[in-house]
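After the structure tokens below, expect a handful of questions from me.
The letters A, B, C, D, E and F name the chains in turn, as written, and every chain counts its residues from 1.
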Amino acid sequence: MKIKDYQPSDKATLFLRITDCQFRKTTANNEYASMLGFDGVDLIEVKIWSLNDEIKEKLKNGEIYELSGTMKDYQGKMQFNVKDVRVVGEDEVDRSKYYSSAKIPPIKLKALINEYIDKISNLIIKNIVITILNDYEEQYYIHPAAVIMHHNYISGLAYHVYTMLRLSDAYLEQYPYLNKDLVYGGIILHDIGKLIELSDEKSMEYTKRGKLLGHIPMASNIIFEAASKLGVNDSEEALVLQHIILSHHGFLEYGSPKEPAIAEAALIFMLDYTDSRMAALEKEIENTEKGEYTDNISAFERKSFYRPKI
Amino acid sequence: MKIKDYQPSDKATLFLRITDCQFRKTTANNEYASMLGFDGVDLIEVKIWSLNDEIKEKLKNGEIYELSGTMKDYQGKMQFNVKDVRVVGEDEVDRSKYYSSAKIPPIKLKALINEYIDKISNLIIKNIVITILNDYEEQYYIHPAAVIMHHNYISGLAYHVYTMLRLSDAYLEQYPYLNKDLVYGGIILHDIGKLIELSDEKSMEYTKRGKLLGHIPMASNIIFEAASKLGVNDSEEALVLQHIILSHHGFLEYGSPKEPAIAEAALIFMLDYTDSRMAALEKEIENTEKGEYTDNISAFERKSFYRPKI
Amino acid sequence: MKIKDYQPSDKATLFLRITDCQFRKTTANNEYASMLGFDGVDLIEVKIWSLNDEIKEKLKNGEIYELSGTMKDYQGKMQFNVKDVRVVGEDEVDRSKYYSSAKIPPIKLKALINEYIDKISNLIIKNIVITILNDYEEQYYIHPAAVIMHHNYISGLAYHVYTMLRLSDAYLEQYPYLNKDLVYGGIILHDIGKLIELSDEKSMEYTKRGKLLGHIPMASNIIFEAASKLGVNDSEEALVLQHIILSHHGFLEYGSPKEPAIAEAALIFMLDYTDSRMAALEKEIENTEKGEYTDNISAFERKSFYRPKI
Amino acid sequence: MKIKDYQPSDKATLFLRITDCQFRKTTANNEYASMLGFDGVDLIEVKIWSLNDEIKEKLKNGEIYELSGTMKDYQGKMQFNVKDVRVVGEDEVDRSKYYSSAKIPPIKLKALINEYIDKISNLIIKNIVITILNDYEEQYYIHPAAVIMHHNYISGLAYHVYTMLRLSDAYLEQYPYLNKDLVYGGIILHDIGKLIELSDEKSMEYTKRGKLLGHIPMASNIIFEAASKLGVNDSEEALVLQHIILSHHGFLEYGSPKEPAIAEAALIFMLDYTDSRMAALEKEIENTEKGEYTDNISAFERKSFYRPKI
Amino acid sequence: MKIKDYQPSDKATLFLRITDCQFRKTTANNEYASMLGFDGVDLIEVKIWSLNDEIKEKLKNGEIYELSGTMKDYQGKMQFNVKDVRVVGEDEVDRSKYYSSAKIPPIKLKALINEYIDKISNLIIKNIVITILNDYEEQYYIHPAAVIMHHNYISGLAYHVYTMLRLSDAYLEQYPYLNKDLVYGGIILHDIGKLIELSDEKSMEYTKRGKLLGHIPMASNIIFEAASKLGVNDSEEALVLQHIILSHHGFLEYGSPKEPAIAEAALIFMLDYTDSRMAALEKEIENTEKGEYTDNISAFERKSFYRPKI
Amino acid sequence: MKIKDYQPSDKATLFLRITDCQFRKTTANNEYASMLGFDGVDLIEVKIWSLNDEIKEKLKNGEIYELSGTMKDYQGKMQFNVKDVRVVGEDEVDRSKYYSSAKIPPIKLKALINEYIDKISNLIIKNIVITILNDYEEQYYIHPAAVIMHHNYISGLAYHVYTMLRLSDAYLEQYPYLNKDLVYGGIILHDIGKLIELSDEKSMEYTKRGKLLGHIPMASNIIFEAASKLGVNDSEEALVLQHIILSHHGFLEYGSPKEPAIAEAALIFMLDYTDSRMAALEKEIENTEKGEYTDNISAFERKSFYRPKI
């Protein structure tokens, strides 16, 4: 049985990988656990109201459990209220089914992104990029780009970077006034702070550092540190790469402490904006039949889209 | 002598093509004329305070005049206060220098856009596009896309369409869930209402219809009319093309009466947003030396951009 | 037993006319039905979680059913979770009680509105109005003006138009600079697009066209088409009527692609704004005792009003 | 010679009534005077840069002077830079031409408003209204309603009240659930605070009290005081009248400390909103020829309106 | 058993003091009661769905009841759905535990605030303050400052005033250009309208006057009345004190009909803003362990704060 | 002669220190210079329209020149249009009069701030603070805090820090739950990025780094670097200090990439907000007589304040 086989009020037992698990208190001071459960196909919100120390110790983000409880609905959002939690043995389930991944495997993504790095001719930019990717080699190609919004799967971040690089080629051809090295370097590094903001590719939760500092200022620190190590902190290149990172959300109210003030930063903001939304739509459109509406989509302020019958 | 040779307080005589010419009244009820003057390189704001009927009859948007008067500055915006207006004889100046054009000539743009029309396999979409382009054949390939913001030159509209088509190919390759026919058809028609909103490629002023209806609702009428003529007004294709036109400014507050609710509409909004801004930046970056700041750019809320020394 | 006789957790069986029925999926991919149920007095939100093909085929917007299930509350909003759905025989209930109507019957509304049409002296405006009302004769006098917000009953649209016409007379008397023909014509046509945006006077759901195009651009098409048919598409009258329709929500962020730029358009926006709110208040105030507060009112951003003890 | 006979750079001598006269300092600490000048037809902005004590003592809001100086333009706003100021003798000009008035004389306005007071049947409301109008009898029928926005002339306030009363009758007829006494009483008192916020019908400047307290809280005090005097401060009537005054700007951001929470308050807000805008439009439309655009209108965020050729 | 001992779905019986009790109707027209329950430590939302006249008569804001029913959760907010209501005998519970109070007892607060009044040297300000505090002597030192946001306990208002007075001393020392008398007087009176806006220190509900007028305009009336009584209504002091009250929420959209326009008003706005938020944080931080997050805090738009491990 | 002795149209010769000097182009592509000039008492906007290479080489921010030209006014803002620029000899003027300073000399500020550093008991915080202040020792005590808004004079930054430290003591006493070390450390470092954002205490212009990165992200880098050097980058202290810096503008739209999420960060935001505004008011109130209005104040969105006659 899978999530989609249950309806509100049903008793249910499901194998679920949990992510974004948090211990909170109700307004009346009772502790409970709130998390997302993934059955390999669908996501469901999971709550454990009667939380005790035994259960708390069992729960680890990114792990698979057999959960039993009752289904409820909240205005069309299904919720799984769990009473029992059982750790699942190593061979009990086909674990690979519980971790979705980018369409391209990490090793291939690495090769494809390296081709772009090879094309960077400015040595300062190239060295900053290589230095940082070496430091974060293990995570860069397997990390997700987000918990919920878009590219929220294994290698989501590198896949998003690779897509943006490919799309940027169309703009570079059309607008030769753009500096190719800055565009490639900026895209490769723009979300580097997410390696620290989100725990890891399996558990996908916000870290404490992530919540208090945010991925944009942390990325600024990473570039600052790499540039210092290379002795190029006063270079125009290090300055401009930092500007690209700081401004890539486009507007102050989206969390960028600076708005784009160089052309390449403006392009990267718009590419990131467009690619993240087209990717979020992709997932929903593919699950929707022609002539029907999609679910509400987080990346579009929870609006629903129509798939035309054409 | 050209615009850039004068400074505030200088007496000046210039050959200028005028656009966006309007007769207004001051708060104290005096009539004056306000327009833009173009010397083939730079634009300047022109005012004629002592307006009489003789001068009013002479002034025609898009024509070239010899204007004499005094330069003034308004907080860094130069203004040319004109006393005398002389009509310029046919051979007195090299007229072609006063009308800037897209990088690709109209006939070539027509061929390139036709290649995309050929690729549309859905016959309803294809027929609507062909019907409308036939109706507006004379203007489509020479019209500007705007008075000031971006692509404000001869063939600006078709050039903008062609650029968007090329950029869309990168997205279609990356996101095969998108319907190619809708994307191509939507891009080709998205700004069709501007053929009515803006007078013509030489005078470039807002028409009365344009000011009262706006290019988006007029484009909706154009598609409605073409689809009626073809007897396909109830088709999914006509419906969805209209939706794309109505939503291509992305948000209600930008003048779209509907926000994008199909994936292709979302893409066209973002492509239009990105291309118009990258084109506006192109013009400014090319006129700015490395290490310097550009002028304030209308398409970016009058912010100035820095051109890095890389 | 009626809606108001039940409290949360009660089992209930009710005869309800359903409207705005939609099939959706929960975030966990289960299909369910969401609709409004009307017992002749009160409205209640209805959900059917265990949806199967048999039930789906039975459900038709605007029809009356005997529904059985359990009452729940959501923060003070009652919700009826239905398990069983039975089609109601033709004579089982007094059907007229399930369809509320305007205070004035359609035939009388038609006569009253015709009196205003007779007063239009400009022939172009008069012909456009008559042409359109002939085309939509069957629906115009029985259609509702909205699903929830205001005038959401049989003949709601025509009743709203008639009220606005009467109120406009007070303004026309006070402000003789206003063009009476434009005011009357504009009011009669301002919501004409709702005949297509909302299905029909019984089912009252948003149509696909309505959701993708919106009633304002569709009304613009209707006027464009009528004016074309009459050969007056280039007339000042057709232009200005279209402007009135396009701007009658007053502000871009309310879905008007143009803001009012002629005096009659400004008046019609304000009359529409005022009348829709006074009508929404009327319904609530009449159901509230002096010294008490009304329910939250959708048309006032869900604020509650006090009815003074005077 | 009148204002409209001069153009920028002209030397000019004009007889002007001055209003809204203020002594300010430039950013560089020089004192200057800024005021509006009215020649009986048009308004012009007047500045006196070389201000000395002699001139300062001469200048009185509401008085007529012979002013000499030079015309300048600021982006289409004419400005009169004055060097010399001469006090005008009693019989030198026809003073009545310099003070524009409502279409109905004060004595007639008083009679008309009294008819409405007679129709108020609730004695508490009636007594509060009568008490306050007795206290402010001298000013109420001659005061303007604003300095610039709308009804900015002698008796403007009472004329605005009378218009609103007449318009309210159309709503009272249509919506009998409304309490007539509250509507009449609320309209008559809604702008009573302006008698203190604006100096008097000739000088029309904001008073110090007006600038620090605003007309809405001062009106609240006036009603509170009258109700106290009558011993009805705890009555429902006094409470609700105060609520109407406090909420008649409709939204917090427009300066209402409370938003309308009774139906009559909602109506008065919308009537005031509509009437003030229709009156502002009236003045401009009457000065604009058919087929032309009006000046920018303060009451519509400085937008220009088109007067159709119908 | 206390609130924190229960979890969703549990049957529960609790002794609770109720506040903010309101009788409402569901959208489906059933009457129910909504209130807050306090067990001496925690607050919980309480609903009584099956409301009858017997229960309605029993319920009084500020009283203690034994309530029985079932616990539910709403997205992490606990809700107590009550079936039975029993009035609690005088000696059944230790009543003092159900009414939380400021850290300083009323009599001491009175003495401390009086010390500040003694320091006011301007006699008009001093007399206005003394007159008003005499009129409201009984309530001033025991009233709460709010229902939920901050200082929502016995003597909360006077405690908040006293804290602001102490903090203001630091600013007065740093910025001697400030008028000490205005600062002290303004602080003491700034929230005086809450004595009428909120019922009393035990029941803590919004009064009808409070809901229709708001505490800011009522405070303006109170000062107006006191100044009238003292014959100083035209004094600069009465004017400026009223301005301070009217502007102390800082911005129109926060309910101030005027924004601060004297330095002392600006300071009092910022002191009030800061102190209310620091007090709201105090309560939450003290209930949160180091390294943990607080509950969502109303005064910070329901954001949660982190308590560092330092 | 000083600035205040001149009026619009006067020829003038002045000794001025220039700051914020920028070379720009008019919309018509002419280069000009824009700067502020300070005569020891007042500031004036200076423009040099006829800019040549000789003048460009002479102009250095922070230097004193003898400038000759003509006075103009822009809506009450005086502007000095300069034709001639002469470098001033070392002894020609009393240079100290052209550089305004904080009320406390740098050496004394250093001692006072050091007393606060001594009170920090947490060694990690203390070491981070000391390390950074050692690195920036030369600038920290003489740098201004802003170009225009507040504390825009020699030692303005350190004086602002010292004031905030003193004010914080009042809050620490009132709210003992706050961590004193974090409050002191956070205040001392909050504006450290301005040492790089603004050139130096004499020239006071935004640096290129400042314009592209902003002082908040640069401060984050400084703390990151100091913590790395000390080997405490993973400490709670370094994390929380960075959070304080990143959030001290309070809201995303004010340029903070994170909003305050610990109590000490919330306090520092509000202290900074309050102190910067009270300091901006101080300067204006002291230059305004009782009963008069101040100039428009940048820090209060260019509003004018009234100084009461008390």
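FYI, a contact is a pair of C-beta atoms (placed from the backbone, for glycine too) under 8 Å apart; a residue touches a chain by one contact, two chains touch by 3 or more.
Because the structure is predicted, anything quoted here is derived from the model rather than measured.
Within the contact network of the assembly, the step distance from subunit B to subunit D comes to 1. More C-beta pairs touch across one of D-F and D-E than the other; that pair is D-E.
Taken over every residue number at the interface, the positions common to subunit C and subunit D amount to over half, indicating a same-residue contact. With centres set at the average Cα position, the gap from subunit A to subunit B is 38 Å.
Computed centre separation for the pair subunit A/subunit E is 43 angstrom, with centres defined by C-alpha atoms. Residue numbers of subunit A whose C-beta contacts span two or more other chains: 208, 211-212, 240, 261-262, 306.
An unclassified topology is adopted by the chain contact network, corresponding to no line, ring, star or complete arrangement.
Contact between chains, as defined at the top, is found for A-B, A-C, A-E, A-F, B-C, B-D, B-F, C-D, C-E, D-E, D-F, E-F.
Those residues of subunit F lying in contact with subunit B across their complex are 24-30, 32, 34, 47, 49-50, 74, 81, 208, 211-212. Residues 3-4, 6-9, 41-45, 73, 75-78, 295, 306 of subunit D are the ones touching subunit B in the complex. Put simply, subunit E touches subunit F in their complex at residues 122, 125, 163, 166-167, 169-171, 173-175, 177, 179, 181-182, 236-237, 240, 259-263, 266-267, 270-271, 273-274, 277-279, 281-282, 285-286, 300, 303-310. Of all the residues in subunit F, the ones that touch subunit A in their complex are 208-209, 211-214, 216-217, 220-221, 224-225, 228, 239-240, 242-243, 246, 252-258, 261-262.
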